[in-house]
Amino acid sequence: MRVHSREVEKTVYRKLAERGVELEDIADIVLEMQLPYHPHLEFDTCMESVKAVLSKRELQHAILVGIELDVLAEQNALSEPLLSILREDEGLFGCDETLAIGSVYGYGSIALTTFGFLDKQKIGIIRKLDNKSYGKVNTFLDDLVAAIASSASSRIAHKQRDLEEKLLDARPDGEGQTAVQEEDKAGEFDPLLREAGENAAS
Amino acid sequence: MRVHSREVEKTVYRKLAERGVELEDIADIVLEMQLPYHPHLEFDTCMESVKAVLSKRELQHAILVGIELDVLAEQNALSEPLLSILREDEGLFGCDETLAIGSVYGYGSIALTTFGFLDKQKIGIIRKLDNKSYGKVNTFLDDLVAAIASSASSRIAHKQRDLEEKLLDARPDGEGQTAVQEEDKAGEFDPLLREAGENAAS
Amino acid sequence: MRVHSREVEKTVYRKLAERGVELEDIADIVLEMQLPYHPHLEFDTCMESVKAVLSKRELQHAILVGIELDVLAEQNALSEPLLSILREDEGLFGCDETLAIGSVYGYGSIALTTFGFLDKQKIGIIRKLDNKSYGKVNTFLDDLVAAIASSASSRIAHKQRDLEEKLLDARPDGEGQTAVQEEDKAGEFDPLLREAGENAAS
Amino acid sequence: MRVHSREVEKTVYRKLAERGVELEDIADIVLEMQLPYHPHLEFDTCMESVKAVLSKRELQHAILVGIELDVLAEQNALSEPLLSILREDEGLFGCDETLAIGSVYGYGSIALTTFGFLDKQKIGIIRKLDNKSYGKVNTFLDDLVAAIASSASSRIAHKQRDLEEKLLDARPDGEGQTAVQEEDKAGEFDPLLREAGENAAS
């Protein structure tokens, strides 16, 4: 019998929580990544974007697979030498990034470069997960969190543009506005962006 | 001044037409690729899916870049040795696939494997474009058409599943249905699928 | 303690054999894929190319991870709903392709399109693995075999070109040769190609 | 008539120089990226690695295409709206990253994450290229330089490991060494690494 998507999504939320990742932690990263480009961006918009990307099958499946491997490595329930490779988070092992990247692609090249940046800089919860002192194996999880955060960041960048253009279209003198002027007024767009956000998760 | 997305989309439609690619040709490929999985799939649903993927920035930009290079090669307006490489559609040149694939990733791994298949099998309009007797350079265009068709195919596969699950949820005995039974009833879903399709382009 | 690469490679060979995949089966696919382009290509050259791509870390790691997941699914040792998804080889599950594709990219866009083709057409051993009547879970393995075969195919295409150019350079009238003439003489290159092959695995 | 690889490679070197990119500038980035992991890494090893990755077809072709588009944009020789998009280096335009990334994949996931990092941080020559005050269009070039640098960095990481393992194998008590001890002795490996480097470009 086929597994229902609702079942998959519910498990994804539960597993992230069990492994110590709160959606708020991820939204924090998104806010930090996008604030330089959208100075009036609010936390709730980031949170909404995190939930929206978590509704995608490709990312849900990657999370299930990655967390499963982390947990099995923690329980010494994998065969060697894979077990040692995962427990050590061996530097040249790339399947964790590969799996994560597969789900990032859906949000374009901004998502991909943000992922690379987060993978190197390990901001916020990603750094905590990478810290072995927690006594856990998070070889896959830190990359998965980076994937969620970078996808959500890219989604905001694209949605923000869509919104700016819609507002531009609504002005009588719309076409004559320059990029600089639009930038200055970015703050005005936020209430609308939040509104758009509520409908964008589906 | 920043270019408006509407301008980009309009140009994409015009350029495809100028290069001899009708959206109907692409929808034909989509229908051929997805019919084995969804026997009641209709042409209009495929057409709608083609338009939906054409609304994505990543793909629009790839189309603008690829067609530009084809046209410039045709006019001998590129420097050597790039000019010869494009005019010969040199077998080991991979930038055409790379550019096209970048926009395919957004629709998941089904899109990617469908792209690989179309790139080898060259179905319908893709074969015509690959045929040098037209006296044109279509080094990038055939891959771009394969990218549109494979993205639209994958989008249908995912939407069809969403729809099946929604119907399943609506039944009183929904959860007890087996995969085989769902398959048998796939035809019943089509009217709803078309309806869903009309709202999915945004 | 860090795992030695030699240990990883040895395990990869052993696991493939345990799962019923002989390197000869993969070389058969490579031969079938490349014969149309290099009519004098020999089986031994394909076999050498399979071994060469199997020496790459990225692919080795993907094989270890993929086979581990297949085996654990067979033993019902994964949590739900991942277990059901893998046991059913659920059509919209894409982590198997994603993992495999990550290792294919190293051999360029020819490798990627060949992978897509093999994933759809399921030639030779790939079809056998896909056949559920074997009572095994090969959700990841069939894609991994397609990854090995497509990487090895692309490697041959690139090496063949290198060789042709070296031979062309060695001729007094080298630069005047056309592509057609080179194609006709492709058979003459094979002994040299095999020789080159022996040194290329490292 | 088919273009000879030698011709392609020569043009790549010439075009990079014409656009103000010295290979030394790229080697500097590689050194900065890899020094934290290999404290005794020398500039010459980085330079050799840059040349090695520049010998790959996939990357060479990407460089030819990208620089061609930059130059044509500078000369206003592209059609609209592509011309404006390239001249503005429009933030949501991703074909530059896509083209560059296609050639990065060949060096594994380390290369990909390094690329993402460089794309955001814009170290050294990449920052200079990104600086519009030069009066040039470098929309593609900065990403191409990041692609060369990240590929060369990843290649060093992999070769360094190969070398460490060879040295480990040569010791009578080799298998008992821990990762920490290897790290401490990394400096000793450098002369050999350089030697290996000289043979690795082909």
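Just a few scattered comments:
Here the chain labels run A, B, C and D in written order, and each chain numbers its own residues starting at 1.
Operating definition for what follows: a contact is a pair of C-beta atoms (placed from the backbone, for glycine too) under 8 Å apart; a residue touches a chain by one contact, two chains touch by 3 or more.
What you are looking at is a predicted structure, and each value in this text was computed from that prediction instead of being measured.
Path length between chain A and chain C in the touching-chain graph (shortest route): 1. Of the two chain pairs considered here, B-D and A-D, the higher C-beta contact count falls to B-D.
We define each chain's centre as the mean of its Cα atoms; on that basis chain A and chain D are separated by 27 Å.
Inter-chain centre distance (chain B to chain D, centres taken as mean C-alpha positions): 32 Å.
Shown for chain C are the residues in touch with two or more other chains, namely 1-2, 57-58, 88, 92, 94, 98, 101-102, 108-109, 158, 161, 179. Those residues of chain C whose C-beta lies close enough to touch chain D in the complex are 1-2, 4-6, 57-58, 102, 105-109, 158, 161-162, 165, 168-169, 175, 178-179, 182. Considering their complex, residues 1-3, 7-8, 11, 57-58, 61-62, 64-65, 68-69, 71-72, 77-82, 84-85, 88, 90, 92-95, 98-99, 101-103 of chain C touch chain A. Against chain A, in their complex, chain D makes its touches with residues 37, 88, 91-92, 94, 97-98, 101, 108-110, 112-117, 119-121, 157-158, 161, 179.
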